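Note that the chains take the letters A, B, C and D in the order they are written out, and that residue 1 is the start of every chain.
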Amino acid sequence: MSRFRTEELLADVIARLIGDVRHIAVGNSSPIPATAALLCRARGKGLPYVSLLQSRKHNFFTDGGVELFDCAGQGRIDVFFLSGGEIDGEGNINLVSIGEHDHPKVRFPGSFGSAHLYFVVPKVILFRTEHSRRTLVPRVGFISAPGGSPDNVHRPGGPLGLVTNRCVFGFDKARRRFRLDSVHPGHTVEEVVEHTGFEFDRPATVPETEPPSDATLRIMREVVAPELAEVYPQFAAAVFGQRLAQPA
Amino acid sequence: MSVIAASLDEALGAIADGIMLAVPREVAGVPMEATRALIRRGIKRLHLVALPTSSLQADLLIGAGAIATLETSAVSLNEFGPAPRFTDAIINGRIRMLDATCPALHAAFQAAEKGVPFMPLRGILGSDVLKFRPDWRVIDNPFANSDPIVLLPAIKPDVALIHAPMADRAGNVWIGRQRELATMAHAAAKTIVTVEKIHDGDLLADPVLAAGVLPGFYVERVAVAAKGCWPLGLPDHYATDLGHLAEYAKMAATADGFAKYLDEYVYERRAA
Amino acid sequence: MSVIAASLDEALGAIADGIMLAVPREVAGVPMEATRALIRRGIKRLHLVALPTSSLQADLLIGAGAIATLETSAVSLNEFGPAPRFTDAIINGRIRMLDATCPALHAAFQAAEKGVPFMPLRGILGSDVLKFRPDWRVIDNPFANSDPIVLLPAIKPDVALIHAPMADRAGNVWIGRQRELATMAHAAAKTIVTVEKIHDGDLLADPVLAAGVLPGFYVERVAVAAKGCWPLGLPDHYATDLGHLAEYAKMAATADGFAKYLDEYVYERRAA
Amino acid sequence: MSRFRTEELLADVIARLIGDVRHIAVGNSSPIPATAALLCRARGKGLPYVSLLQSRKHNFFTDGGVELFDCAGQGRIDVFFLSGGEIDGEGNINLVSIGEHDHPKVRFPGSFGSAHLYFVVPKVILFRTEHSRRTLVPRVGFISAPGGSPDNVHRPGGPLGLVTNRCVFGFDKARRRFRLDSVHPGHTVEEVVEHTGFEFDRPATVPETEPPSDATLRIMREVVAPELAEVYPQFAAAVFGQRLAQPA
């Protein structure tokens, strides 16, 4: 069996995309991005700040539900994560519905804060573990938040890239187009092309996604996993064998 | 008349059919016991505004036929998947859905709190959220050249219904970090609160407690509802009943199953 | 680098000549010890924004020649009468005065807090306050017909300087009910805090204390300044030194008397 | 000597103007309006709410300095008190300066919240204990807040009347003009005319201001005075002989 689990690979990939920042915020039901954020913090010296919105412990907000968005509006959130029932080749995300708006065929939960955060958070990392033509589409059925905006629109933020279970796409803001940056071990470019509904750029040779180092795996399993268990007990147990604890 | 109601049903008297009712997100403490009482009473045609999202509460009210219009940013059962009655009602066009985005709802409540007709907000431009909200406006920022910005109209609910750890006999409610509960009370015409318990003494007397208090001045009625968020949790007090939510997700997947759920857990008063 | 500064002067390092400095009203706790330290350092050309009013602090800074522009809604010594150095500087045109009205300043800070370019506010129309603020705008409310409303541009201070009862070693500051201190910190690029004492342990760990906390995330530097509001008071902690204010009012009535006051109470470090 | 002090008369007059309301807010350095507000509360059964902004005890606000103005904007403050370095016959008040704005001859502290509260508080009671041609002028030198507004201006609030050390003026919103309603005991209409710089209406016979009843004086001295002492120790001592206490 492999030296690491897919979740560990994806968390490591995301941690590298995050880079050197001051504040990472992670929304609900995002255990892998949360793992990546806590990994960055475990490596750093007191920084970055990590706000897990579902957590009481890893969350400094004291001003109610508006503080996350105010904080982002102030330019004080450097990284956030978004997903989508559909994501298209221009980085538009759909969290609402497919089909006629008033009588849709499919309904998703809703846009949450995406229509604001996608505009004001400099590094928005798109994340979807189902990489298929059903999820990665030519054109979304509903734009919860657009991947790009006209030049006169106030938009310090936007998509940095898209991480899936098969590969990593970078996003070219000028051309509003994804670029295949690496394919995960055990996956192929052909497979990515076959399962991606939108057009994307790619170099002549696409590198394999760099696997997590032993040092990184050790930090994830020994430092991050126990912290994660407060918010994602099932995930921490399944992935890291962390003993189950009742969530706070 | 004391602000402390003799019964939960009495406290909920001001919540009439057809009003605009504001309710909080899950981590702020959802008044589920009060929600079940409203369903038992047969509440109808609500314009429900969930600030900024909802889970079991909205799904239950929708399934029970209590909702005409739903205004929020998302409804789901989180780790237990989509909210089945919400999804079913939308796909079959049984409720009017006003899709929003979280900070837009916060801003609209803050506009009402300040007594101004609107609040500006960045982002949203170019989204279909904006396209399907003809009640929202886009203007050119008067302090710049060619800088479009969205304006959200104030949301002034008839009633805000919230739950909190405690209140004193003057109706002062301790909300702690859940500041949006104060914003909701400021924005709403009336605020009705269920609490875990009554605090003897004056919550405003101690500066440390007072920092987390919604003053009784804004509060219409208070009723005690111990474990009032069940099966949802009240942060720092009790956890979500995951087993029950899993059962709800399974039962509510079908109309029949949902009807059984209502019989078992709503119409039959559960033992506290 | 620890957020807790080794000295008050070190903590104030980011407050450079010519910056926009935001300070709170008297009941919110005025950092007077820090103000005296800035005068000793010879701070110059400040754009001082007092949210929403000031008393001794503004008068002292004006008299010491530290202020180029003053933006606030009122300056007085309250029961001790007009603020003499303020009055003298205005009448002799020695400072640029931007007269505001309290809620306009609150709204302008809230605009910066939300990352929006402006905030609307009712009232003000037809006043000379508006007439002398060409940086304020009047638009027609887009949600109504012929409904003029004032828009205030966001105020984004370079530094907010505040005082609070306590902070922990992570820079979390307990501000209690003085919520505008959080708004100031959210609006400002940097926030510098003096506190009565350092709290051992994590102010965010206890939900009751946490309700009154400004998170260290927003705080640049903290310095201990016991009795840091003297001769003003810190509500719930110590009262205003009425005798000293009476003496100040008398001495500051003339330029010579004010110079003597500076020598006695500012340049000569008072025994703590 | 008289059965009551002038301060007690004025507080009683103001209490009658306040009438039956839910919430009275009183700003800084306003001991007589504070006495009137506490008198209303002492007579009522739990109502009205009284917010003395200088007080910790008689002040329920927990949302910082903005709450007073938000509360007023919500229509939740029924009565507030304003004064002015100058007040003119149209109810305009001047809290800023006299003379050229950039080089004034006289400078007052500033407008405080008047430019907002005068518009949104239904019953604003103007109060000035120096009734002279210096304070009650034909036209203020600076309008901190106007007494009236055009019909299309959102203005649920405005002046109810003006109480001075000599008399009580009512305010006619339609005509934007004061009307002499009563003259205090020991003062005359001629004296009011002589010391008032603006034109005002008056009936053929102007009644004398009704003096406070013994019951009212008892409540003021026994119930209100001790409450007042927290915020206005000197005033409570001078007027009611209340033992001096150090202010909170």
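The rule is short, and it goes like this: contacts are C-beta pairs under 8 Å (C-beta built on N, C-alpha and C of every residue); 3 or more make two chains touch, one makes a residue touch a chain.
All values derive from a computational prediction rather than experimental measurement.
Participant: Note the shortest touch-path length, in steps, from subunit A to subunit D.
Facilitator: 2
Participant: Based only on mean CA positions, could you tell me how far subunit A sits from subunit B in angstrom?
Facilitator: Chain centroid spacing, subunit A to subunit B, equals 28 Å.
Participant: I'd like to verify one number: the distance from the centre of subunit B to the centre of subunit D, where each centre is the average of its C-alpha atoms, in whole angstrom.
Facilitator: Centre-to-centre distance between subunit B and subunit D: 40 Å.
Participant: Could you tell me the distance, in whole angstrom, between the mean C-alpha positions of subunit B and subunit C?
Facilitator: 36
Participant: What are the residues of subunit D that contact at least two other chains?
Facilitator: 61-63, 69, 73, 120
Participant: For subunit B, what residues touch not just one other chain but two or more?
Facilitator: Residues 110, 114-116, 121-122, 147, 149, 177, 182, 210-212, 236.
Participant: Which chains are in touch, pair by pair?
Facilitator: A-B, A-C, B-C, B-D, C-D
Participant: Which part of subunit C faces subunit A closely enough to touch in the complex?
Facilitator: Residues 112-116, 172, 182, 186-187, 204, 210-218.
Participant: Across the complex, what residues on subunit B touch subunit C?
Facilitator: 107, 110, 114-122, 137, 139, 141-144, 147, 149, 151, 153, 175-177, 207-212, 236
Participant: Could you please specify the touching residues of subunit A with respect to subunit B in the complex?
Facilitator: 28-29, 54, 56, 61-67, 69, 73, 95-97, 101-120, 142-146, 149-150, 152-155, 234, 246-248
Participant: Show which residues of subunit D lie in contact with subunit B when the two form their complex.
Facilitator: Touch residues, subunit D against subunit B: 23, 49, 60-63, 69-76, 120.
Participant: Please name which positions on subunit C make contact with subunit D in the complex.
Facilitator: 25, 27-28, 51-53, 72-76, 78-79, 82-83, 86-87, 90-93, 99-104, 106, 110, 121-130, 132, 146-149, 177-183, 235-236, 239-240
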